[in-house]
């Protein structure tokens, strides 16, 4: 109920503040017999690690994951998989001046109001982006559940600071992992370098858009009414800090299409097979009536500019008096690209959970 | 788990197919002592009723609601409130030809795959829009829980068939209820009449965008991590059929703003009061770090064109052979404006649930 | 959260007061393709129906069930199965004098305190035994899920008014269904007839003990820690009004056995087969470490005497003044035997839910 | 779903095997502002610690708890409270011979069947009693939530090896904490010393009965239908390994009382006050219709003899062949008294959760 858990059959619970003793998570409901070790997690965690690339902070976190339970002799046992990250880079003094003011655009005000004036103000406390390390680690477990089916999740940045892909180019997600900014195309990083340089000089931060795809998704995932697959994916993606918009398939563009243009016709396979079909297009983004159709799932997430700008901002203090805040600490210039593996992880967790839930209908 | 329930403390479970004996819902978790009767529900249900306005079907459903439990001597008792709608207009023969083919853009394919070939094909069965009548009825209970705090939810159509509000006009949600199309401005219906007439002639359907606002929302609602208030609202809104995109505040536009433009400064109240502030702007849309800030909550939902077009479409049959389908039955030309009270209801349910959950911190 | 739902994958939600317009339930999560119709339910409901047997009230309820959804062409569709019972025998005037006093041993006091003074006092309102009709109907769905595996549930009364089975006799559950009192042995009804006659003369009520068995239960059901199969069964059984004690296997008797007497040795099958064994005894009652072992599950439930006695009792009124209450209405002399099909239903629901949950580990 | 979580508003999730790197838990949903530190937990943990008293193993575990999150400047913040115990006494070799056989009376067989042949056999793995350390630590948080209301939980052993309290003595729970065996009366330890000595010589183990009381419980806790307070308490108590029976109030004894003897009359307070009453007796055990009445809650739990006896036992190996097992490792002779703080913790967790849930009805 307190919102620190996600998933029904495969269920992640996270804990921890950015400047306490440690943070981590528990994944409950993972089937037995799945090969897993900490180094599998570390590969994805390193993609989220601060200190890489042009939008990065100079802060260092080792983000080394330790698995405490649920794995025996290299495979999962079916019991809860707990993992922790120690917090090592405690420069809490950076945040001392934030105890009494509310940073604009941050979670400070909401936490203050929700938790009756009590709040761990150091580095965002529970609302710190560092919490997402646990999501990325858990996402690796989800990926391994999906892997035997060929199901996999990819994401890439398609827009940064308002600069997106030229209209005649197609996003290339496979190559994104090794490109600067996790960009969706080779043409993007040079554009973005200039925008980032300019923003850094201006003490500004930038937002962007991430495209997420899930490939080779089994048909039949998702529940018809409230837990439509796209509704749960929206929940998952919008639960990542800084995300302000979500869409599936044509998204907001679908509002401008006519029915005949937006519908995806079904065609026979060659040769025709009972209960089989191919789709002539994928405007729906792989989900029909809340249930996976077997086509690629295509999502977009809108990411706001990071709230911690290098400028003095107006705010109030706990007493309600006018104040200014100049955010210290070491902050990224954009949540892009570090947010990419987090969005992939949330997508993988949602799909793996839906897959395990759908198995209730499997006759053994 | 099977996705027919929504909410944690205030929990709605719906049931029923469009052409079975009846449909309805149960609201569990409503506090005792709230005045409620069926006529309160009927007012909102009549807004969702088919047969009104320029985009409507000629189908008639009485949508008369019967409360079966949970209300005694005009007030809620704290026990489950069940309500049913009888299905009266059983022209199932309209759908006989749909048993063996999959309508493009519909839930047919997904249901077929999910439920192992078993499906009530009449009028969409469980995926029928008629299911949303139960959501609207439940939304009335949520509204009544919110009412003593002044919290209320409004929505209006801001775009139809690609035609939106002129840049210098501001959406007027209070007036929408009595305007054709539940339009957000007097200038819109004339534009839309022409577009609808053209689309009808062409055998087409139209999509649009709905703006939803919640006013006088208490601060502190929403949970910090996975159940951020905007994440749960996204879940709620995306669970309504035909919705393909969701945003909060500036939404996808926030991706193009810089940090200094997107942050909302806090200003002192006059005179300053401890723990109080006003915001200089509302780019965030009333939610910071997943928690309500006290500002108006502002959401947008992208609605796709209805899949049932009056044209012959390519598809396959259960045997996988090529087929064409000409959708009979009586269908709206757009989900707008009937979807508006449904989106309001889902928003109200989410907020009332978050409110009751937040009360766990209240010392009696 | 409000406690009107039970189950995780197969989930029953009930609603309704004894004297409102109707009551019923929704079963969500039933797999598609299971043959089901109302008459299947009616057979079990008739076992719970008042007016039969020596402990019965003279009240008549038709308890005719109507299925509203989730069944199409004689089989379940995988969508929610809703069913209702109309309330026909509204002699609410019997209860008019109960609005202002609290009947000893009844739920009146707790409801008054919980729901802030608001309560439907007619016939117990929500706490009426009539709510269990919905459990029995839902239990039929659970039985049908279990049936293809051979898994079935039986129960019988082994004690009434302190009179139980002679030490050298063994309970015979198969025959109980057709015996008076749903008695576990032919020797019991004559004993009990005398006790019941005496109690009726004295204006008293009687309690008893019910034995429940589940046969041919698959191994591996139940979750290791908090949701041990016996813990969930305890929850299920103790949720039935009037049940004051629960045990599995030797139960309280196990506290008096030594380890060597209580352990159940495993023996080879003949011939030995990998991963197969037979047990030399069943002191555990079919559950080891919270997981079904494959042996018969054996439970006992202690049932208190019905609180509505035909005597004047001391109580207080809403103003806190001393009062007496003479319970009118028409009441059974014992919850036995009508409680038997309810306990069977709760057991079947628990097992079917555990079975569907366990299927998450099934590779399709 | 996977059963490693308990509670609705206050929710404990535990993880860890007895011989992996560590175990622990997360408590989610604790209100902010509650004073808490690790030493509060340690006091209760030391009661559960092995190596004390006449039934103890010689194994040593430090059971030192480390809080990782959710506490800042000595008070809870409202965010998840995670805590871990390192596993220090890894004598896994004691268990090497158990990898291929199933110990009678243990969870081995069930785990093997449930998790498809995969199982951490060292020290019971996930089914080890060591998991209950996390419950005891979490119980301290629950106690602190209850403390301001005066609500507190006590327990004591009332029977061991069949030897219980003389009929004319009354259990004294306040003194139990400092008595050997956590005994309910000074007269018990001498009786039990002799029985334990005899059992140890015989290579046997003993079971017993624990009485649990909750005092000064607010009225109105518990939900009317499936989540009756006694049903949830039964779930909680039966989820503790070795518990085979549960009862509330008169329990199985209620089955032998007549209605007039079992009902608890309500009497006026002096002077009478609206909505107030005192009860003339407490046969119900503090719960009426599933809702706390304000009287003391009285529960009993039947504890089986520990399955690890110092005798050779018949079993089978993974191949299904006959085998014998002589359990090595270091084992207690009885779960009593170490189970006592665990049962107290589960009771406190259930009550604190019910309390926070009931606050949904509190008008702020």
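Going in written order, the chains are labelled A, B, C and D, and every chain counts its residues from 1.
Note that a contact is a pair of C-beta atoms (placed from the backbone, for glycine too) under 8 Å apart; a residue touches a chain by one contact, two chains touch by 3 or more.
None of the values given here were measured: they were computed from a predicted structure.
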| item | value |
| --- | --- |
| Classification of the chain B:chain C interface as same or different, half of numbers criterion | same |
| Cα superposition of chain C on its sequence copy chain D - rotation in ° rounded to nearest 5 | 180 |
| From chain C, the most remote chain by mean C-alpha position | A |
| Chain centre separation (chain A, chain B; CA means) in Å | 26 |
| Mean-CA-position distance for chain C and chain B (Å) | 39 |
| Gap in Å, rounded to a whole number, between the CA centres of chain C and chain A | 45 |
| Contacts with 2+ other chains: residues of chain D | 1-2, 4-5, 8-9, 14, 29, 32, 78-79, 114-116, 126, 224, 357, 360-361 |
| Touch list for chain D against partner chain B, complex | 1, 9, 29, 31-32, 78-79, 224, 356-357, 359-362, 364 |
| Chain B - residues contacting chain C, complex | 1-2, 4-5, 8-9, 11, 13-17, 20-24, 26, 28-29, 32-33, 66-70, 72, 75-82, 84, 114-116, 118-120, 125-126 |
| Contacting residues of chain D [partner chain C, same complex] | 1-6, 8-9, 14, 102, 104-117, 126-127, 131, 159, 161-162, 199, 202-209, 219-228, 230-239, 241, 244-260, 262-269, 272-277, 280, 284-285, 287-294, 302-309, 311, 313-316, 318-322, 357-358, 360-361 |
